[in-house]
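So, here's a batch of structures to check.
In what follows, subunit A forms one complex with subunit B and a second complex with subunit C.
== the complex of A and B ==
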């Protein structure tokens, strides 16, 4: 796959000179602030981690992750939207599937960086509150990795939408609009697992942190839904993009 | 193997039942500069998009380097440099970085970036962010990107669009040198004949999606007829005399010129001698070529050239 590696390095270069990096630490920083202010007056022992995670993760997974996923999806297409960029890129010897795959991988890597920073923020908050040695690393890792996976269907969907509309702002606006009802949607265990905007929150805060509505679903069924919607959205984006008239 | 760098066979594209391009048979030979002409909206860009595999033809096929585009797209595109409509660039990057983003995909040596910047005359501005470039500089950067992969074929869609006269001249000189200096075949589209007239070896003229003329530039020139104009003393009397001699002559009242349809040298000599013998003073004898642009307009506006 030398062709794909070259494409990836080109995409990386376009992005690395931009300011999109500044968005990566925003949500973890806010989460850290919230985490530092949590009060543990009446709780102790192993109850502290779920409270900390739900406090720090609600805003992060419920709003920031889906919105950031949409921003990144729009951002990786941004340079192509302006003045014939798609024409130039696609008249180079590249496959269209490769182009989508490279852009998706870039989004996934940036989201992974956000998640790592978030995990670090949880650790720092636990240090502040003095229970760092008791931090359940396994649970934290699965929450962080789970919500990263939960972002990928949305990333594939938003990337498809970003190639559909030659606009930076329109897919973003739709994305924000559909992120806002997350809290309501999450109450329904029937709809929420299929709602791409709620998936990051469900996969992060399920179980101990929150246990109402769709948060109480078993992780296996959640992951199957996430994987299934990822496959569907990615195939739809690929089919559309491969046929698109540029 | 065919002898053509570009050959399209019955190429057609329809949008919702309306044909934007119909039954196009382009033939472009190696080392040529092919001027692809037509008014705006005639189907030039649609054709070029099909040549680059950006859109799929409804009917017909495209062969580049003797290979079918739909089967060998990646292999073919490695040898093609293109600039479609407006030059594309990443404004926050410098010219060097813009070219580097493309270079990483097509995998040519890094030294190539400096070379193409030198060719298009942007070497001095290479370290500036492209968003501060003038339109002409952006256009040159677009051509630099097209040249980066050492293409054998260059496809340029209206490369002088929006440039000032000196910019047009510069780009024209640059394109003109491509076949001789680098062995590159060039397809260049334009809505103005005058723009490709001085560099094209062959022209194809497209009107309403159909190719109405495809031949060498000299052959197009031959079709632009010439006429003879005379300015003499007592033009009315001279006109009557010429008409009496059975010649197709008219008098342009504003300028006072007598215009004669195309005449051979001996006929002109005869006419001049005749007029002098009848006591007319002859002030001017001019040959007027119908400009190529007139001929082009005639072809573009209605039917075949005469």
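== the complex of A and C ==
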């Protein structure tokens, strides 16, 4: 375990001067802007929270979260792609599994920070519209935590693709292109749960927020799918990376 | 000199995913519509028998303008990354070649890649419609050409801006985030005034004066590219 902790701190150090944290508040800030502009003319009471969440979350979870996950996955491999970094890193006494695990953990932590800021943005928007005391914290917490979980399979997949393709932008290009059809895919309850790019949106916008297509599926089966795809993508990335010739 | 820089750039982008992007993006757009029309073909046939082409173009409009903006982002970043990835700006600029031709070659190549995508999209749309049995006689050829090329022309300022930034800065994550943000905000900004360049890709197809927006895109794009070139001339390369 001490080896893993050192791996983590070296990953953290590599990121610390890269200004990656500048990416964290982008989406919550835009979501806040959208949330502040939502109009509640014809609704009142407990209907306001689902409307606010679906307005802010559609944009955040449908587009930004999957794209940001891909950006972060590419980002943690940035140092290694340039000038023989993989060789240097793997010539150290570290296990390849540990390297992947450390990078994945860093991605997960950064995504968690994004989600916390998003929750804060929802709170601020509800203060602006004057219904902060009625904000259902439990529902908000499960939406935020659920979409965080929904990002993890994609993070494992994109991390694998980023190690496979020794370029920073190429895996991102694929990721962005596959995020675009989200709006269409989410309508299909057969395909959407298995589509890693739609999972963050499906796990965030549930129940009262949106209830068509795959958004109406029960959360339990959705989480099982998310967990299953996480296991599959992570083991695929691990098997590939462990056998990769550097 | 620019010609030689251009042909060396053409060589350098092999196997970097750029041609793949240029080919896959229009095919992906059409595949999405194939899914859309394939699943509900009977509904479309029943509801819009006389305007199947119009329906197709209408469904594609927003996706085309989004993809064009995202394409500008990704093409710029991938292209600049050829040099960033191997830290070879130094070597490139040490050659007896002016910086302006290096920049111009990169810009020409990115414009060419995007144009190639647009040609594929136009051909693909026609093939798509005909293979779905849309009537040939009612094919709105001008609309198809307009949808395929004008959003791209309207997005020229962004291509020039993003390419300049991607060449100037090493950290591509910021720039890709900026590009993605521009794209997504452009979906929500159609109620903003039309002089906002963010609206040009979409308005170049949707408005009733498409040439105006396309021309504005080309002129502004050229101006932004020129500014980028001047900055690149003065940049200190490490």
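The rule we apply is simple: the second predicted complex is superposed on the first by the 246 of 246 C-alpha atoms of A that agree within 3 Å, B and C clash if a C-alpha of one lies under 4 Å from a C-alpha of the other, contacts with A are read in each partner's own complex, and residues count from 1 in each chain.
Rule of thumb we're sticking to: a residue touches a chain if its C-beta (ideal position, glycine included) is under 8 Å from a C-beta of that chain, and two chains touch if they have at least 3 such contacts.
Only a predicted model underlies this, so the values are computations on that prediction, with no experimental measurement involved.
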Who does A:181 touch here: subunit B (first), subunit C (second), both, or neither?
second
Partner chain in contact with A:59 - subunit B first, subunit C second, else both or neither:
second
After the superposition on A, what does A:124 contact: first (subunit B), second (subunit C), both or neither?
neither
Is A:51 in contact with subunit B, with subunit C, with both, or with neither (first, second, both, neither)?
neither
Does subunit B (first) or subunit C (second) touch A:13, or do both, or does neither?
first
Is A:82 touching the first partner subunit B, the second partner subunit C, both, or neither of them?
both
First, second, both or neither for A:24, with subunit B first and subunit C second:
neither
Does the superposition put A:116 against subunit B (first), subunit C (second), both, or neither?
neither
Shared subunit A surface residues [contacts with subunit B and with subunit C]
18, 82-83
Complex contacts: residues of subunit C adjacent to subunit A:
16-17, 21, 24-25, 28, 32, 35-36, 63, 66-67, 70, 73-74, 77-78, 81, 84-87, 171-174, 176-177, 180-181, 184-185, 188
Inside the complex, what are the residues of subunit B that reach subunit A?
49, 52-56, 73-75, 77-78, 80, 82, 84-93, 97, 100-102, 104-107, 145
Under the touch definition given earlier, write down the residues of subunit A that touch subunit C in their complex.
18-20, 22-23, 26, 30, 34, 59, 63-64, 67-68, 71, 74-75, 78, 81-83, 165-170, 172-173, 176-177, 180-181, 184
In their shared complex, at which residues does subunit A touch subunit B?
2-3, 6-7, 9-10, 13-14, 17-18, 79-80, 82-85, 87-95, 245-246
